[in-house]
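Take a look at the structures below.
Two complexes come next, and they have one chain in common, chain A, joined by chain B in the first and chain C in the second.
Moving on to the complex of A and B:
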């Protein structure tokens, strides 16, 4: 199999199958969660649940208090850097925008590639920092499971292979681009059934917690 | 072709140097060609005199050119793309003993010329092939009643080396495109015991073939090849890396259509389907038509013609990063399957919860008291 054949297969059946698996998994998980339902609240409402829910979605972007912030400083700073880098790379690189455009028929302007390249390096270095913290901190190491390392690896690989293919390193571009798409396919397949699902459930969870607290009249 | 017509007036043992001088090529012009060729092939400057001296003394090698499932575009590219130059003279001064498009002889006489060349130069002649070989049915393509497969096997047997000219001979090319009705294959899929150099392109750049011939004449060997059999000197560079529009790609400035502002300003053609990033060829540096331009310079995306399966790369005008095939349909099926499975799972969960609720027996304080006293 040549690089061109491999790339063509990944761009065709390979990524289509992964996307089918991904979307089916995400929809399955979301329907399961949303259809769990809630026991009817018989108590008198002391505030608006939806307002508090929406507010909590926003307020949880900030650390709860100075002490928590100080204690988890590396996780918070590296976590933010990584997520911002990942967002820029996924949504503001022109080839990626063209991919979204082919599916959703809407496009938006991309950033110059050296800028995206910078954010890729930021994301990669932050991820390495987070992994180092996970293995070097006794408590975090104790709490970590295989799933945590798997989620890290399948997120790290698309960033790394994307960086290598953009810079034409290690392998000819068609091979590296094919491997990049393969790594994304792996991420998509694993995504719905691991903690990576937090990309979707994060906002549901924040809203739910905020809404319950709001209905009980908890002051924010 | 002059080589064949000139056979009668040029002694067979005339060296290339003598032949060039008789065509009025000066020593300075010849050395300039040697220097250019050496630099094109990434040879150190010290090799220029070696190239010059080897070419001076080179005897005309016998070359047999077989044309199978092809369009003659490769031959046109090599013989007509520019005015007479030293490259074309060198091409003229190989002893092209058989080329059914160019030779004057036809029919039995033509085949006799091929057989004579094979017999007289056994083990020493160069075999050049353009066009793919059909395996589906031998009758799809024949020459003088001989199938392409048989002719290739027979002629390759006594060849010193094989040069597969054009993407059809190198990788199957256009005839090999899906659904490949003739069962077309490349030379290297049939011949496995001879050195083969692939010179792909649709058509290939003329200077590449003269470069490979020069290498063969100078060193008596075939040049260093990449993983898919192409000379590294010409196919080691990526079109995207060498493209003069690369800075627009990096700045995020793209032509969105063929007639918008971006197209007029010469911005990057990536969004219009340019295959430059996955294509290895010398177009961006060597250029075409005596160095005039190359496709991207003329405002058209690279088709990736020197790569295997370029015809099936998901469409010439489809952006490289876009999925091919039925990606959106797959997403639609994904939503449907996910929704059905999610509903089934949620309903199953609810029925289990209801079952548990109905099976639940309430315990009163009296029951507890009874339990405590017993």
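Moving on to the complex of A and C:
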């Protein structure tokens, strides 16, 4: 198989299959959660649960208070850098936007490629920092499972191979781009069955947390 | 309690898994931030006290039975079932080192309400026979004697006589149609009777009709702390029956954190219907009286004081402003701790920890957080609004050779109460 053939296959059936698997998996996981529901609260409520739930979805993007921020400083800073970098790379790189456009028929303006390149490096470096903390910090090492390292690896690979292919490093471009798409396919397939699901479920979790508190009049 | 067994425990734990629980477990990324919010972790540095880790058996059950991948793992024999040994091993982290304070639930970046899950996990622990002895004892006494400490009506009546002697006022029992029905914690009846005297004088001045039911005067609820909803419902049911029999408008829960949660928030859900009366914490009632001009005080405390927020009132109950409004009435030197209100640090003894002898050592270790908070403020008096917090604070202060008196907010207000002599009163001492 030549590099071009490999790339063609990955771009076609390879990524399509992975994307379908991803969508089916995510939908299944969301149904598993939402079907369980929550029983109606019979207590005399102080406030609207749904309003508070929606508010908590927004407020949890920021740390609860200054002391929480101080106590978990490296996790919070590296976490923000990684997530911002990842978001920029996925959604604001022009070739990615073109791909979304071809599938969903909606597009949006991208950032200049060198800017996205910078954010790729930010995401890669902060991910290395997060991994370093996971293995070196006593608390995080204790909490970490194989799934944490697997999730890290399948997220790191697309970033790394994307960076390498953009800079034409290590392998011929078509091979590296093919491998990049393969790594994305792997991420998509693994995604629904790991903690990566938090990208979707955190909205449900925050909503419930905020609603439970808001019904009691607890401000978050 | 019925005879516990592993099967029962697992069945009950399974019933506890609802949409929120599934969303929370699905979202955890093992970031460790909940540990930094938990005083049992911050004061020991031991990662086993990480809040989300306390739920590992429940998480495994959820994964095994409520997720597609988990069911495949189970089918392949890769997800072993929960064992009795596992639950037994988890007892110290689920009970001894969690006060259900809810601080972890405030900081989790993905929004997990971990405390909500620990409350539920305890249902499975208790049903499988893995609740601590101390809590089983307290719960048994609550069911059989009506009080977790074994306090009887006669003790309360004796306190009422003391109130009569020192104030000339009657503590009204079983008065139908009263506006308020007051429930008390055993701790108050035995250790802090000044509370009963304080509310007697305050309600008299406010001109409010109130009463105590001889059939249900205990406000606390061991069923919630141990995690047996049937018992919790039985204990709530006694108060509901008494309140509806006396046709009161409002039941007032005492200076106690979890009693408020038990009656105000869990109560109607436990008995499966809304109440026909309102439930208010004493601080909410006093704040209302203040607003209506029915609570008048004179004089100011000059001591530097601070307020310890009972977790179940603020973070789990939404009562944040009333104690501050009330303290500012009688103090001109009230200072806040660095973390206060909904982000306060627990005293270390809530959620059944104080009734559990196995937790004695870790409970006093956890107090070090409060100690650090107090020392940085250099206050002369510590005010709180929970008899259980108060006893822990007093013990911790004693143990650490500090010299800070702990006062209940209601009695502090009563000490400044403006009293008008009236013709129908007996002799005032």
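Operating definition for what follows: the second predicted complex is superposed on the first by the 218 of 220 C-alpha atoms of A that agree within 3 Å, B and C clash if a C-alpha of one lies under 4 Å from a C-alpha of the other, contacts with A are read in each partner's own complex, and residues count from 1 in each chain.
The rule is simple: a contact is a pair of C-beta atoms (placed from the backbone, for glycine too) under 8 Å apart; a residue touches a chain by one contact, two chains touch by 3 or more.
Worth saying up front: this structure is predicted, and the values here are computed from it rather than measured.
Novice: After lining up the shared chain so the two structures overlap, which partner does A:106 touch, if you call chain B first and chain C second: first, second, both or neither?
Specialist: Neither partner.
Novice: Look at A:27 in the shared chain and tell me whether it touches chain B only, chain C only, both, or neither; answer first, second, both or neither.
Specialist: The first partner, chain B, only.
Novice: May I ask you to decide whether A:5 touches chain B, chain C, both, or neither, giving the answer as first, second, both or neither?
Specialist: Touch status of A:5: first partner only.
Novice: Would you check which partner chain A:114 touches, where first means chain B only, second means chain C only, and both and neither mean what they say?
Specialist: It touches chain B, and chain C stays clear.
Novice: Applying the touch criterion given at the start, work out whether A:36 contacts chain B, chain C, both or neither, answering first, second, both or neither.
Specialist: both
Novice: Based on the superposed arrangement, let me know which partner A:46 touches: chain B (first), chain C (second), both, or neither?
Specialist: second
Novice: Of the partners chain B and chain C, which touch A:13 in the superposed model: first, second, both, neither?
Specialist: first
Novice: Common interface residues of chain A with chain B and chain C?
Specialist: Looking at chain A, the two contact sets intersect at 28-29, 32, 35-37.
Novice: Of all residues in chain B, which touch chain A in the complex?
Specialist: Touch list, chain B to chain A: 171, 227-228, 238, 240-241, 249-252, 254, 270-271, 277-278, 280, 304, 307-310, 312-314, 319-328, 330-331, 333-335, 337-339, 341-343, 345-347, 349-350.
Novice: Give every residue of chain A touching chain C within the complex, in rising order.
Specialist: For chain A paired with chain C, touching residues are 28-29, 32-39, 41-44, 46, 56-57, 60, 63-65, 67-68, 71-72, 75-76, 79, 137-140, 142-145, 148, 193, 195, 197-198, 201-202, 204-210, 212-213, 216-220.
Novice: Considering the complex alone, what residue numbers of chain C touch chain A?
Specialist: 17-24, 26-33, 35-37, 41-42, 45, 47-48, 50, 52-53, 66-69, 105-113, 116, 264-269, 272-275, 278-279, 314-318, 320, 338-339, 342-343
Novice: In their complex, what parts of chain A are in touch with chain B?
Specialist: The contact residues of chain A facing chain B are 2-5, 7-8, 11-13, 15-17, 19-32, 35-37, 94-96, 98-99, 102-103, 109-114, 168, 172-174, 177.
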